[in-house]
Structures are given as structure tokens and as C-alpha cells.
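These notes open a run of structures that come right after.
Note that chain A is present in both complexes that follow, paired respectively with chain B and with chain C.
Up next, the complex of A and B:
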């Protein structure tokens, strides 16, 4: 970190210093501190109260419209709130730090300029008890409504035993509708065939038309951010992997990248390329899964079966390269764990050929199948300017024609600055647009993988790194299959992080998608939420123990043997295939 | 006299009545599931019996043994009665379908109208079942079932009446016999369009996939069936299978020449005489041909089920009123016109 901060004002850092100059001119002596640790990063510290002015300036004059997230920090003597903004024109991630006193934890909300900060600020309030003045709906988000008042678990003085189960009052949710109305409240979730993950929506319907949707996402809080603080940086990789099973690679990549920024190490080019390739594998597998689930949601199970069958190809390739089908576990701090061989490259090329052929067929089907288009075209309309205001991410915002992609806007987390690729967009602004974007991205990902195989540099795949990380802070993000995944890591000189902040794309897309459901049919509600994927991890290798003999015999099957066994088992019953 | 009554009861209870029909529905469900699985690159039922042929029966037995829960808020009487009636009504209608003989077990003048009436009763039972369970998903499902009924009822009836108009009779036996002389009515001009419409309108009647809107799994959990479990759910499943048999059987009877096989083709008169001379042979012969034809209709329905995604309720009703109903009114008018203008086209038998 230390040596990186000494990068002089070169042509390379022109955009970064331009922003710093702008804010210097605006605030004068009120700008407490600033630093430009590397390209694409600007950190500024302003006193409480001035951040509103800075955000206004950034939003109105510099055209910064995207907020990644809001982070809370407990620094023993005071709190700190960090607003992470992304300037897409200049490709700079700007972090505004605001110190907040512990006696009066209050500051102005930025929802006036960034309505998308709504849920992020609620999360900070939930975890730290910091009050955002002017926030439209400040209440708990991730924790249940029954959690005792005044308890905020990410404060450093809070421990689980402080939480007394007897203090929990079971609050009955108030009926949200008056007695005399013909409207219904339809409960979708936490357990329903539509959503495979625990999440509850109170859908107010008038006959078949959705009037309003109230989301409750407090069912699945696992305390991961707290758990990160109790584990070493190496263990943290495996925690990050389990934030989401499907996007496992998408989470470990920014985590490792942020830790590498703190350590000041550079990943060898070959390692970077392999990381990027596995990230694209991840995207292919997630998008194929999504297409299947979306078709299942509108009752087209045939397409579901076909796309999940073809997803096996990419899962096998992930298994081949990483050793596991779903959780890739290939990233480590300083590079990747395994190299790839020429034989593997050959197999990957073959797999990509199959996938390209199938994907093109799917594209044709998706664009021509009438019953599918009837359900997708013109449904769930989302205005691009509204999505920009709400800071939506991923295929949702690209499906409305806004060209944003972290791989393009801040390409240094992987090898994306060296790889040519298109950012796929669609101007249909509806479910069909999101579908088209995802199918296009599949083809684009296949091309990226091919480019990587053609231009794979030789050399080492990882560098050795020390266990202890020098104090500092870093942010990194990645374009996961569903949108931006954002990591903020603060280290304190030990082998454990001081704070890890994770933000996932569903949070950013939740409010816009709810908005798009209003006024549509119940039937369209489920497809609109189609991007919430289930994760099904399978075992690829099995250990057998034969206990019938006096000496238990153990043997291990490879997946080839297991597949052969499966094929033979069916053939013995008179079944082909 | 006593023997006649005994034989009649045997016909109603055993063959080709209740027991045979229920057995046949399990077979058709197996064919449906197996073919659907094959289209989707799956295996389908595999364990019970030869290639899983007994799986539908095993499912039925298993459901009969499951716990049967009646919600507190439900209308108890209606909640218990609807599953029973929804099995009885299609079974009653099936007795009019000629399966093992050229006439059904029961038959009277104008029985086609009675069968069409019974199919509507089944749909109304579904609406009652949904409302009686006092569940939000069920209520929405029942409302959708009612809306669907409005959509498909008229085209379905008109499509079923087209071959009747060609045969100039509302009696099923006479329509079948007419086809034995004049050929399958699917081969006659406006009737082939009616056959297409009949198959399409069977999909909402049977709640098969492009039109399974009232029970749409991903939207309404199980729609109007949500609260039914155990025996009652088993009965509804059986009822749906019986309806599949009834619908396919009706299509066979009205459009595909009923249980007649190849013996009515010119040049096979000798075969025809042999079959008609022997009662055992004719029963087997007709049953097998009925089975083959029904299976073909079921396969067509399964194919449609695998091909499409679910319509939305408004799209379905709009489609039915905008396209199917005017089309069927046109077909009816053309049939009437042709039989008046060109009497030679549909020979009088």
C-alpha cells in the first residue's frame, strides 16, 4: 500500500486528480484528507454535514449517478460511514468517508440524489444504529422486526450473549389493509414454489392485478460480515465463496483482489487469465441456470430441462479446471491454486464449441417462441432513467439500454483490460430485454474464454504472500452474473480483517423490480422475480466403504467412473442413453 | 331377464365400466408421463412394474394413505363432496362412450348433449372446490377456472357438435355408425378444423400446460387444489385422469371413427363379417382400436404440453373469444350451408 500511494501525478491518474481538484475547490479547508492509492480509486474524507454538498456536486456537476453501497465502520471512538460512488465517465470509484460521533450518531441521507441508497442506508442503520436524517423509510432491513430495539450487532462492543432471547417481543405484523376492501394480501414466500430462497413478499392484489408489493428479506441473515472479522484472510476466501453458491467465483475474485491491493502484490499474468476464465465459466453456468428457471416459472419445463442439461457441460469444465463443480475454490490471495494443462485447454475448447451451438439455438428459440414472447415482451417495463436513479446493476439495467458493466468500467480486478469484449445491452426495457442480454452475454463469455485460451501467458500462477496484512483499506468489485458484487476490506495489521463489507446485486435490483410489478398481473410477478436463483450443489466424487467384510474396504470413484456406472445402471434396466 | 340385469351390472362395474376405465386412466397417465419425460430428455417413471407402468397406480395408493387435512375455515360439506362428485361425474359420462362395442354401456337419443353438460359440471365442481377451501390461492385459482370456462366452453361445444351436424344426429352411437359408412369425420372438410379446436379447448378443460392457469404452480402454489391433501387430492388426480380419458375418448368417438378399426375400409368386408360374427373377437378388436386411437390423442396433448409455456389468464380468454369462438361459429355456419346446398357431400345413411 505504502509504495502504491507514492505514484506521482502522471497522465495515468489524470481523472482521479481531476475529481480531487474539483472537491478541493468546492470545500477548501473542509476537505480533511484525500488519497489516490492506484488508478480508478479516490478516497476523500469530509466532516459530517459536508458530504451532502459533495454528493450534490458530484451528482449535478460531474454526473456521477451510480452508488455502489454505503458502509458503516465502528472505530472504537467514533463511527465512520463510507459512501462508495462509481463515476462511469472517468472510470473512478470514489469513496466519501464521513466520521460520525458515537454520542449522536446522525448524518444526512443521500437518498435525495441517490434513491438507490435507500436499502444500503437502512442496512447501516440496522447494523450500527446510525440514523440517516431525511431517509424516507428508515427501519430494520436484514434483521427481523422482532430484534430488540437499540441492539446493533456490527458494533464492536456487541457480542451474541448480549442478545437475550427473552427480550425478544414477538411482534405480530400489522394488517396492511383496512377491513372494508376487496383487495387481497397474497403471501409469496418464505416457502413457495416460486422462490427457492427464503424471502417473503406481501403482494397486495386487486383481483388479478398487483397493486403493491412489500418485501421482507430478513429471513436469511447469516451474520457473514461478523464472521469474516473472526477469521483469517485465508479462511475468508472460503467464507466469501459461500455468500452465494452460484456466484462463488464472482465473490472470491473481488475479495482476493482487495486483499492483494492491501498487500501491494501483483498477480502474475497467467494467474490473472485463469481467474478471468473461471469467472466467465461462472457466468455461463449462472445464465444457463437462469434461462431454465425463467422458463420453468412460466410453465415451460421442457426448456428448463434442456438448458439445465447443457449446463452440465460447463459444470464439468469447472470441475476439470478447479476440482469442484459449483464452488470453484480456485482463487487464493496472490493468484490461483492450480495451473491448467494443454489437455484441459483442448477439452475446454471442445466444451465451448458445444455450448456455442446450443446457445445459438436457445437464442433462436427465445426470440421466436410465441408463448414465451407473449409473457415477456412489454411486461415489467423499467425506465432507464429510473434504473439509473436507483443504481440498478447487471442484466437488469443493461436490459434497459444503459451500458454499464464493472468489467468495462473498472477492469483492473481481472484481465479484462487486455481482453476485447462487448457490453451487451438491449433497449427493450422489459423481461424480454433482460432475457436477450443474458443470452448475448453467454455468447460473449464463450468468446472471452476462447480469447483467453488463445492468449494464455506462460509463467507462474501465483505469488507467495505474507499471512499478516498491513493496515489499510481497499475496495474491489466484480461483475457477477447478476450484477455488481462489491467488497470493502479494512485491515489492522494482523492476520484477521477489521471489517469486510459485502454487497450483492439482488439488493440493488430489488426495489426497481418491485416497482415494475405494480399494475401487472400476478402471473407476471413470478417471472419478474425470476433472477433469484436456487443453488443446487452436487457431489462429483464419492467415497465408498464396504462394511460387509470383516476388513472394511474403501475405494474412490472419479466422476468418469461414476458416470459410467450410472449409464450402465440404466442400460441394465433396458434403457438407452 | 335376470341374466340381462346381471350382465348390465357387470358391464357398468367391470368392463367396460368403472374398473376398466380407472385402470385405463392409469395407463394413459403412464403414457403421458413417459412421453413427456422423453420429450424433455428425462427417464420418467422407472421403478414400479415394467418400466414404471404401475407408477400412477402406486401414486394413487400412496396418496390414499396420506394424512387428510380439512382447514378450519373450509366449508366442510362442500370440501368433502366435491372430490367425490368430480370422480363420479366423468365416470358417468364415460359410460356413454363406445369403448368395447359400437354403442356405449348407456345410450339414449341425444346423449351427446348430456355428456357436454357433464363436462361443464366438472368445471363447475372445480370452482366450488376452490371457493369452499377458503384459501387465497384457491380463490384466485377458482376465479381463474371460472374465467377459463367462459372462454373455452362455447368453442368446445360447437366443435363437438360439428360431426353431429354432419351425421344429422345428436346420438353418439349414430355418429359412430355414420363414420363407419362415410369415413372418419376428421377427413371431412369443416370437421377437421373442428377437431383442431376440440383438441385446443381440451387443454384448458384438462388444465394441461399452456392453459393450466387455474393451478399454475409457480404463481398460485397449486391454485384451487392448494388445500386438498390425502384422499381428496388423490380423488382430484383421478378425476383429472378420467377427464383426460373422457376428452380423448370423445375426440376418438366424434372425429376418429370410434372403436372401428381398419375393417370398414373397402375390400375388407370379409374381416368385418368375421368380427361382427364373434362377440369375444369383436370386443377385443374394438377395445384395442379404441385404446390405440385414445393413446394417439393423448400423445398429441402431451406434445402440446411440452411445447409451450403457460398463457396468462387474460391472454387465454382473449384468444378464445377473439379467435376460437368466431372460428367455430364460422365452421358451424359452413357445415349447415354445405349440408343444405350440397346434400351429396354428407351422404345420408
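Up next, the complex of A and C:
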């Protein structure tokens, strides 16, 4: 086992060493290794079995309540499981490494303290076959039903089987009965399930009240994490961009940041500012898209058209700066690919003026228009302490008044440590709260873009970097429009990464939102689910089971029928468009 | 009578949008094409929710393993004559996802395709052009079926 690494203490790393000292006092000689590679990062290696004690201490004594994700690693002779925790008070990202033997791949689950780790641990189980003892529902998460049993694709010795797309069988799910619900599984993919995304929910209802929701989201699993390992670091940027087409820029920023940490290069200030600006463009376009979709879901298509029309302004600006409407492709390792000119700056300012005017109108609409308020106020209530326990992220948790934002909690990516901005929150805890937060964030993003244009440093926009990346590992994250996007990258000294782990915000928000659907009417289900910013795809039907009848009855609706049902249900009760 | 039906179909093709595992980039561009600025609806196109109502299947994504049988079933549920339009590079060839273990590398490996719109993601202008090309194809197919030149 490795010896203790000695790093000289400095004043800036006070918080980091405070945590290391705590763990040292707790474990003594059981602490195998620790390192503090830079500000805001602590890596701890502990033997299998001790991680439970460490997590208990961190959770109970130090108040670390947020788990970013759980990563699995195949190191040929043994596995490693990494728990990534974020300490919001001290602004430190803590990674607990646990070596696990290949003969007996078992370790204790941390769901006792972090129920939000539920899906993350299941993903590791699915991809590596590592068993988490004490996990409430350890089942496959995102591989297809037809995937061979007992195979785990992210193991290094796994070879893909040949499957014929023309012959894959459709496996019909068994009809669900309430007694059997524990046999059914929540499934979430590694990508953000958003607009028109393939997703399936099994909603168990009692009359008109939703009792339980079982989503199936393995439809969109493309095997991206394996694909990262087969591509070079530069190609990886474009893979990262296509994890999700809507928050594409939000993915490349942490990816490039993590690789830059491994290379030990600093992005020139101008490059950092341009990156940050395009990330904010991304947020503006995503939030406008969401406002439109939310209004479409309640049947208010006029507003849908308005917000999508205004969204074209920001897409044009992205096109102007980056050369493409949706996937910006402006980030590269070491900086950005293009500089911006004075003429472009002028056009961006003009665009921001238009958007600010429109956003203020939207804010007025959100706060005053009955069409929206009657569907949104008091619906989908989420308790802040429950959200904290589940490690929810983004506008969902901020809509319940918890002030967390990766840009604020760990600002050392992009230029967020130099830019003043507010973290928008709302105390309403319902769909209206999430709406208000998103509209406020639009205004905040416009102000950030303006600040960047006013304070744009001069000089280079990128530095040249070598193709080969020295061995090491790094984590980085970013506040995507929907919440935290997290990247873990391990390099082995070649031009290809050893492992890239991606986690997206919907994974964290899915379990809380299911909780908020329970006890509400079916009519509210679509908007409620929409409020975390995914959308039920057209193809993807919702199966309903009515348990109030003596013989359970099942029927299937498309998204469109469901939306229509919601609109009519409210119209019959006096709600008018 | 068949002439009337053909005219109606040509003037107002109903679309069904299906995401077979894409990154959403193309999907939001398809929607953007239907929005006020590009307004695909001026060609009479209308987005529908059910495959049983649709004439044209607008498809995105490289077809994941879980989606392949579902895509086939949706295609089989559509009434004849039916057309398939693929939007995006990954739907045409697998694109950036080529070589991934969990996808079929293109929609034409699962169902027959009439029009390909490349681009990653395809721009709304390209999608509109693809729709116009498809309408021409439809017109020619109708003429052929009636035995006209």
C-alpha cells in the first residue's frame, strides 16, 4: 500500500487540511493515502469497510449532506469505488476511494446517510457488478432488457456481443399489481432525459390520485462512458457535447477543466471569460426552452410560441460566436477555439437588451397570470429537508429555498470566481417556485453576460497543450441549466482516457420528483414531471393501473392524450386558458 | 377519389416524431423548425402523437438496443403509404456514436428510410429542405401508383 503523501500546508488549503485532520484522527493508521492536489479538492483512500465510518463522521459531525455521485473503476487487478461528496460549508469536494477485490466485489452501501446515492450505486452495480450491501433496491438500472444477464460492459475484459437490430425482441412488461410493485424498478439513464426524450413511466393510480410512479429510462443508454475510453481526449470533447444536445456547453466545460487539471495548464483569462459567456448562453436558451415547454404542457401554446421565438435570439448569438446553433463546440483543451470581435460584442449587447425586455415580461406573467398560477401554485410540493437528503440539484432544490449552486459552492472552473452573481432561490417549494427560479436565473445570466462583455480581458484565448495526458485523476463539475454536471477523468499517460464518468442532473432529481407526484391528481403529473425539465416523449406511453376497481384495469396513453386530459380536467373545474 | 386522397396527403402530411436515443440536439431543432420562425407548418405538416395517424415518421438518434424493437413496432403501426425521414448524422450512419456497444448505427439498419437529413444537429433549414424533398418523393410515388408519368 502507498505511503502517506506529504504536502506542505499553506494558508489557502486550511479547509482542506481541516477535513484531512478529522479523518486522520478518526482512522489513524487505517487512512491509506490522502492528497490535496489543489484548492477545493481532497482525496482519501480508505480500506474496504472503513468508508462507512468515514461517511458517518462526515455526515453527522461535519455536516456534509451532498453526494455528487459514485464512480466505479476497473484497475485490472482490482476494482475501485469512489464516493464523491461535496462539502458546501467549506467548499471542498471530498472523494473517498475504496479498493474492492475482484474475487469478492462487495462493499457497504452509503444509502443509510445519503439516500440520494440510491441510483448512483445501482449504476455502478449495473456497469461493474459490484454489490452494495444494505442497498434497498439493488437492480439493473440502465442496460436494455435484452442485454445478456451477468455481463457488465464497463469491465475492461468485457467484449460486446453481436446483436441484430432487426431481430431484437420486444419484452412485454408484466402488468403491475400493487402487491408486486416492489418487483419493479426505477431506471434512469446516464444522459439528461429532457424534451421528447424516450422514457417510460408506470404510474399506479387510485382513482385519480397517483399512488406510485415507476419510470423506465434505459431507452436512451448509448454506452457513452465506454466510448470515451476508445477515443482520444480531443475527440472526447465532442462526445461530451453529445451527452445532451441541450446543455452541450455545460458538459464540455467540466470535461475540459478536468483534462486541464491533469495537464496542469491554466486557461488564459480571455479564454475563460468566453467559455463562461457561452455557458450562460446555453443556460438562457435552455431556460427559455423550458418555459415554452411548461406552458405547452398546460395547453397554453401562445406562450410556447413566444418563448421559442425569443429563444431564436440566443441561438443566433451562439451561431455568431461559435458557428453552430445548438452544439457550440467552442471549448477545447487549453482554452476556446475562437476569439470574439468588437462587432460581435456589439451584437451580443443588442441581443441581451431584447432578451432582458422579454424576460421581464415573462416574470410578470409568471407572477400574475392566472392561467399559469392555477396549475402551478401548491402543486408538486417538495420539502427542502427531503431534497437535501436526496441530494437534489439545480432549480429543483433552489425552488425549495436551499441555496446551492456549483458556480457558487466550487467556483474554480470557468471564470465564476471573478464574476459577481446571485444564487436565485424561492421559498414556494412547488412548480411555481421552480418557474420563478428559472426566470430569475435568466435575468442573472443576462447580467453575467453583460459583466463579461464589460470586463473582457485582452490577450490569448488558448494555450497549446500536448496530446498525451500524464497519468492521474481529476474531478470537475459545472452548474448546467438543470443542475450539477459532474465529470471524473482518469488518465494513463496515453492520448486516451482510462475512464470518464459523467453524471447528469436529472438522475439526482428523479427520485424527489416521483415523491412529489404521489398524492396528486393524474392531471398534474405531466407538468410536475416537466418541472424538473425532462419531457415525456411522444412515443413513450404511460401505463396506468387503477387499483380502486376490484379487477385492476390498465390503459395506455401517449404524452399528447395525457396533456389533453390534464387540460380538460382543469377546464371542467373552471380553469380557462 | 384516389386523386383527392393523394392531394390531401401531399398538402397535409402528418408527422410523428420519434427519438430512438439521440442527444436531443436534433429533436429541439425539429421543434424549432415547427416554430414561428421557420414554420414547417406552412407546408401543411402537423406533428401528431400517435403512429396510427401519421404519414411520415421523423426519426432521430442511432437506435439504442432498447429502442430498436419499439421503433420497429411504431413503424408497423403506421398505415400505408408511409415514409421515413431521418434527421441527424447519428440517425443516418451512427455518427459520433459509431462503435458504441449499445446502438444499431443508423435507423436504416432497423427500418427502411426515404430521406436522410445530415447534420449534427441538423439545422431547421435543412430539416425544411428534407421535408420538401420528401413531399416531391411522395408526389412522384403517387403519380407512379396511378400510372402517370
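What we mean here is this: the second predicted complex is superposed on the first by the 490 of 577 C-alpha atoms of A that agree within 3 Å, B and C clash if a C-alpha of one lies under 4 Å from a C-alpha of the other, contacts with A are read in each partner's own complex, and residues count from 1 in each chain.
Here is the rule we go by: contacts are C-beta pairs under 8 Å (C-beta built on N, C-alpha and C of every residue); 3 or more make two chains touch, one makes a residue touch a chain.
All values derive from a computational prediction rather than experimental measurement.
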| item | value |
| --- | --- |
| Touched partner set for A:25, first chain B, second chain C, both or neither | neither |
| Which partner, chain B or chain C, touches more chain A residues | C |
| Contacts of A:385 with chain B and chain C, given as first, second, both or neither | neither |
| First (chain B), second (chain C), both or neither touched by A:297 | first |
| Touching partner for A:219 - first (chain B), second (chain C), both, neither | second |
| Contacts of A:238 with chain B and chain C, given as first, second, both or neither | second |
| Chain B versus chain C as contact partner of A:305, first or second or both or neither | both |
| Touching both chain C and chain B, counted on chain A across the two superposed complexes | 192, 194, 305, 309 |
| Contact footprint of chain A on chain C as seen in their complex | 16-29, 31-32, 35-37, 48-50, 62-70, 72-74, 90, 96-97, 99-104, 109-110, 120-121, 123 |
| Complex contacts: residues of chain B adjacent to chain A | 39-43, 46, 51, 136-137, 139-140, 143-144, 209-210, 212-213, 216-221, 306-315 |
| Partner chain C, residues of chain A touching it in the complex | 143-147, 153, 160, 163, 165-166, 168-170, 191-192, 194-198, 218-224, 226-227, 230, 238-239, 242-246, 248, 289, 305, 308-309, 311-312, 315, 325-327, 537-539, 558-561 |
| Chain B-facing residues of chain A, complex | 184-187, 192-194, 205, 207-208, 295-303, 305-306, 309, 369, 371-372, 374-375, 521-526, 570, 573-575 |
